[in-house]
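In the two complexes below, chain A is the common chain; its partner is chain B in one and chain C in the other.
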Partner chain A sequence: MTFWDILIILARGAGYTILVTVASVSAGLAMGLFLAVLSTIRWKAVSFFLAAYNYVFRSVPALVLLFLVFFGLPGLGIRISPFVSIVLSLGLISGAYLAEIFRGAMAAVDQDEIVAAEASGMNSMQIFLYIMFPQMFRMSIPGMINEFTSVLKYTPFAYTVGIPEIMKEAMSLAVMTLRGLEIYLAVGIIYFIIYRLFVMLFMTFEKKFRIPGLAPE
Partner chain B sequence: MALIEVRNLVKKFDDKAVLKGINIDLHQGNSKVLMGTSGCGKSTLLRCLNLLIQPTSGQIIFKGEDITRPGVDVRKVREDIGFVFQHFALYRHLTVEENVTLGLRKIKKMKSKEAVEKASHELNRVGMFEHRNKYPAQLSGGQKQRAAIVRALAMDPAVLFLDEPTSALDPQMSREVVTVINKLFLDNITMFCVTHDAFLAKYISDSIVFMDDGVIVAEDIAERLFYESVDPRIKQFFLSVIDHR
Partner chain C sequence: MKKIIILFCLLYFVSLAVLGCGKKEEASVIKVAVCPTSPPNMFEENGKYQGIDLDIFESFCKARGFQYKITSYDWQGMLGAVIGKQADVAFSAISITDKRKEVMDFSKPYMENTWNLVSLKGRNIVVNDLAELKKYSIGYPRGMAYSDFIKDKLEPQGVYKLSDVKMYPTYNEVLADLKNGNLDLAFLDGSVASVYRKKMDIQDSYVFTGFDMFGFAFPKGSPLRKDFDRYLNEIGPEKLKAIVDRWLK
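Then we have the complex of A and B:
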């Protein structure tokens, strides 16, 4: 079995890795956006909830949360599939980080523009949709790339709940062939390729949505 | 009947009264300029008039309706008042044309094509049509302010409020903006402008209102207020803001 054959075999698991990453980042984006919008409400209870969420999901290790969801919740009679478990765990953690990125980007929207929109007769929803969100999204792209990278690096945990992603394929292959060095080197290469492809995709987005004259071309 | 009637308007921030019983009228087709030292309450008054700041007491009658009473549709009132800001406040993620059409499409519910036609017409009026596809960051200060004026005007407001429209501009750009606002003045657009710029005030006003420490001290035409006033506060102010060269 050549190194190329190893790469091909492992690449079969790449589909799951990408699927878990995309699904987790999507869940994280939805959660992060929800939390960021929630943070604009100046109620004590909401602030407390956000602070608690932030502390909990930024401090609990991803693997612990995954085990809690997958192995812990059945104890309460809640059974969740391996795929949903990893997406939920990574999405919740990612949401905490993305919320901070979105909040920072939201704070960077020029207050004068918001007042101008208000003065023109727009309601809060219109101001958010047409003024705040488009700018917040653009300013968040670099932070989203970082967060995507973190999520991608957490996906090998998926093998612990039985998802046949790259790491699971690699471990099975290593047990059978005892060629750990080549196999795990191949895993690293595949992760690097996935990472580069996604970064290129995000960069294309960033370029497409860049505000002319404001950021370096 | 005046378009805007302000009666005994008071605004307090905590215990500090910034507006201390303002009475002023603005008639259709009339242009008034509000002048006074920094911190005298000019901008606060302007922002109270379109309810960006809630007055503490007093009445603002706009088109015959008291807009300070509870239950007033504030957004409807604001739709009818164009507002131009000192620092332009253009939406920086949108082109000049999109800045103008956004309100038309989302607030006035105009169809895109119709909004673009309206925007093109208004941009042409102030010589900004060729810059319609540029983003605010690609414009000079004067161009930004002209775009901001168009954005406000395109909504066909009953009155145009201008809050220090030339303060953030260098003299050359400032003249560019004065020319545009002067054109509006000659077209009998109803305007209420806050400024320190005596040149602007002279060329865009039917009368100038002088404010000091939250009260209106005098109202007169530019020449008389600039050169004939005997009030020491007014004399002192215009001595400092008029370029006597």
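Then we have the complex of A and C:
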């Protein structure tokens, strides 16, 4: 078996790794955006909820949360599939981090622009969609890439709940061929490729939303 | 601007769609949890599950007309799936222990796990009497259960001292040293030994038996376990041994 064969066998698991990452990041983005919008509401109950959410999901380790969701919830009579449980766990955690990234980016939007928008008769929904969101999105791209990489590296936990991703293929291959070093090197290469592809995707977004002349090329 | 919003909506709906895809499984299908890193009991080769445990379970399902669906987990996940009743049965060379019995039910033992002292075929070391053991060096990775065994069983009998054992980080180093002739005997468990036997010229010099049994693991109070035990009784020990031996030879 050549190194190339090993790469091909491991690549079978890459589909699941990418699927789990994309789904978790999407869930995290939705959650993070929701929380960031919530944070603009200045009610005590809301800010208490946000603080609690932040503390809980940034402190609980991903594996612990996954165990609670997948093995704990059935005890309460709630049954969910392995895929939902990993996406839910990683989505909730990355949602907490992304919310902070979005909140910071939102705070960086010039207040004068919002006043100007109000003065020209835009309602708050329009202000969010056309003034705040585009700028916020632009400013949060670097943070989003960071968060994406953490989620990508959490995906091996998916195997714990029975999703056959890269590490599963690697472990069952290693035990049969006893060539651990080469196999785990191949795993590293595959993760690098996935990371590279996603960063390229994010970079095209960044380029698209960059203001010509404002950011360095 | 609309594009970004549309993009976000798309992402969101894709994730929702993917989330919604969790199909409902039929009740008649037995959900099996395995950890396919335990050859020859349960492993994966060329994308196909194989092994002793699977053969036994397959013959059970065939006899009863059951359907089953295998999901592979890592070791913790496999045991967790049985405890949390996500799976109806788990098998992958699971040793029956008192600790595990507290949280799951085991079938009757279907095979015994041995602890083997192996040596290079070329050296032709055969230990007939444990008293001869002192002449040889023994090695295995740190943190294995063999240490307790040597300390509690062999040391009081004056057979071997734990301080004489060579400890290594992993089996890779143990076997490399064995190959180089720096080590006489390596401690392996029987199923691991059968894998290494295919890759290198090693033989059993001494085999310890009688303390480690494998069983199929079921959730607490599982009705399937009773049926499975009945099946093991039906086929009898000879037929069971024939299945096991097919893989060990």
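Here, the second predicted complex is superposed on the first by the 217 of 217 C-alpha atoms of A that agree within 3 Å, B and C clash if a C-alpha of one lies under 4 Å from a C-alpha of the other, contacts with A are read in each partner's own complex, and residues count from 1 in each chain.
The rule is short, and it goes like this: contacts are C-beta pairs under 8 Å (C-beta built on N, C-alpha and C of every residue); 3 or more make two chains touch, one makes a residue touch a chain.
Bear in mind that the values here come from a model prediction, so they are computed numbers and not experimental data.
Residue contacts after overlaying the shared chain place A:G77 against neither chain B nor chain C. After overlaying the two complexes on the shared chain, residue contacts for A:E118 are found with chain B alone; chain C is out of touch. Contacts of A:P212 after superposition on the shared chain: chain B is touched, whereas chain C is not. Once the two complexes are overlaid on the shared chain, A:Y130 sits against chain B and chain C alike. Contacts of A:D110 after superposition: chain B is touched, whereas chain C is not reached.
Of the two partners chain B and chain C, more residues of chain A are touched by C.
Judged by the document's definition of touching, chain A residues 130, 134 lie at the interface with chain B and also at the interface with chain C.
Here chain B touches chain A in the complex through residues 50, 52, 75-76, 78-79, 81, 83, 85, 87-93, 102-103, 106-107, 134-138, 151-152, 155, going by the rule given at the top. Contact residues on chain C toward chain A in their complex (touch as defined above): 1, 4-5, 8, 11-12, 14-15, 18-19, 21-22, 33, 36-39, 43-45, 47, 71-74, 76-77, 80-81, 83-86, 172, 195-196, 199. Listed in rising order, the residues of chain A touching chain B in the complex are 110, 112-113, 115-123, 126, 130-131, 134-135, 138, 211-214. Chain A makes touch with chain C in their complex at residues 12, 19, 22-23, 26-27, 29-30, 33, 67, 70-72, 74-75, 80-84, 87, 129-130, 133-134, 137, 159-162, 164, 168, 171-172, 174-176, 178, 180, 209.
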